[in-house]
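Residue numbering begins at 1 within each chain, and the chains themselves are lettered A, B, C and D in the order written.
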Amino acid sequence: MASFISHRQLTVEWGQCDPSGIVFNSRFFEMFDLSTWMLFEQALGVTAHELGAAFGIIGLPLVDARANFLKPAKFGDVIDIASHIVEFRRSSFDVEHKITIGGELAVEGGETRVWAARTKDDPDKIHAVAIPPDIVARFGHG
Amino acid sequence: MASFISHRQLTVEWGQCDPSGIVFNSRFFEMFDLSTWMLFEQALGVTAHELGAAFGIIGLPLVDARANFLKPAKFGDVIDIASHIVEFRRSSFDVEHKITIGGELAVEGGETRVWAARTKDDPDKIHAVAIPPDIVARFGHG
Amino acid sequence: MASFISHRQLTVEWGQCDPSGIVFNSRFFEMFDLSTWMLFEQALGVTAHELGAAFGIIGLPLVDARANFLKPAKFGDVIDIASHIVEFRRSSFDVEHKITIGGELAVEGGETRVWAARTKDDPDKIHAVAIPPDIVARFGHG
Amino acid sequence: MASFISHRQLTVEWGQCDPSGIVFNSRFFEMFDLSTWMLFEQALGVTAHELGAAFGIIGLPLVDARANFLKPAKFGDVIDIASHIVEFRRSSFDVEHKITIGGELAVEGGETRVWAARTKDDPDKIHAVAIPPDIVARFGHG
């Protein structure tokens, strides 16, 4: 079974670009974050807003983020972001984001996130919990 | 007694500028927000982080923000932000921020904020409360 | 003839919200900027990217921005932004942005911008030029 | 000879934090970008603004960025960023950024950048050029 892929398109905004006229690097990490929320929304059928309550977690804390910049994205460019989960582990997973412009790969991004719940005895703390198999299955894994 | 003025300097960052090479407008509102926190820190002697607990408020919700852009600020420019409270009312106040570059006024900003506490009967709600006279006095007003 | 209104919808992103769980004020000014570009795109039929070349201008420099925050916008909220030009003057104009959430007005924003061209004798400078009547007409004014 | 290290301190801003009260990941990449500019400023004795003209380059395009998030940074936290170049290659180099809070490592960041000049025959293009040995030496390498 193929891994579930979420696509979205967006047009590069003026305010996302730097003086060299291309998207400033931090903006891609904003895009990746939203794309991960949308990937979960589409695969699980709950809004990002309801995700925590629906699955007993407090969120999907990011422990690692990375990006390769292959081609610049300019103001007005229409970009496509394709996101999918490349690997599920016991309580963490890796998301891959591929940004293409006119069919050409422009940015490759990656995130490692944790399936995390609030710790009962100390509500200020969070801890990783096992990802339920039916969640994994909904992404076409497991 | 003169109104207490807080000054800070910063150098314009590459990532704050847009393709025309000047600071993108939303970045000035980020600067104003921080300058207001620092104004309170300096006038009241508590960190922004402690402000809520020290005075029984949940924060200083912004109800109005505005800016006039007179001269552009470019990458590498050293800018000075001078902030003070121009008027205290019962439970709200107006902050003025003046950004100068090389002694010339570049941006004039303004914020209207509320002195707000959490509502006892409904902790999801907040309401405006009277600003204590000794707080007002510490800004050289009242 | 009614003023041309541009609408767009967006869902509030996690990264646009601050620790109180609501959209941080500077993010609304990012939204307003994009909405103005889209308003021009839709009214004039050229992309934001082509706007300068199509009309002999270098852009629409912002000289004044302002916002009233009436109701908070939270993570996951679907917001509608309606933008139109309220007044054209010789070489400047005022844009109004109304953000509604579930039909209720949440933020009122305003921008004053200039129709600007590069100065022939000094390409580092820009100056305001008269807005052509046919541009004004396409927004339902004049 | 030890690698030149640039340090800077900053206090986490309200507007840099997300609804979970911690710095949103994209903000660290903004910090890394500025820290790299400051590292070059301090090692080479020219401002970031003059860097291009002083060394015949158009900038230091980023080709790869990455970060590990070990401990959260909260509103009001005083963070220290220590940046140095871990390796110089012919025309590219790797920067490492270590963010510590109260002496504890919170975020490890890395960037790969290129020493790039405008292409003579096609000023819209840029290409990697060899990094001069005296530049490398000023960072304590080579």
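Going forward, a contact is a pair of C-beta atoms (placed from the backbone, for glycine too) under 8 Å apart; a residue touches a chain by one contact, two chains touch by 3 or more.
Because the structure is a prediction, the values reported are computed rather than measured.
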Chain whose Cα centroid lies at the greatest distance from that of chain B: A
Please decide if copies chain B and chain D contact each other with the same set of residue positions, more than half shared, or with different positions, and reply same or different. same
Comparison of B-C and A-B (more C-beta pairs in contact): B-C
Taking the mean of the C-alpha atoms as each chain's centre, how many Å separate chain B from chain C? 24
Which whole number of Å gives the spacing of the CA centres of chain B and chain D? 29
How many angstrom between the C-alpha centroids of chain B and chain A? 34
So which stretches of chain B touch two or more other chains? 14-15, 20, 24, 26, 30, 33, 75
Within their complex, chain C touches chain B through residues 20, 24-27, 29-30, 33, 58-59, 61-69
Residues of chain C defined as touching chain D within the complex: 14-15, 17-21, 24, 26, 75
Spell out the part of chain D that touches chain B in their complex, as residue ranges. 13-15, 30, 33-34, 37, 47-50, 74-76
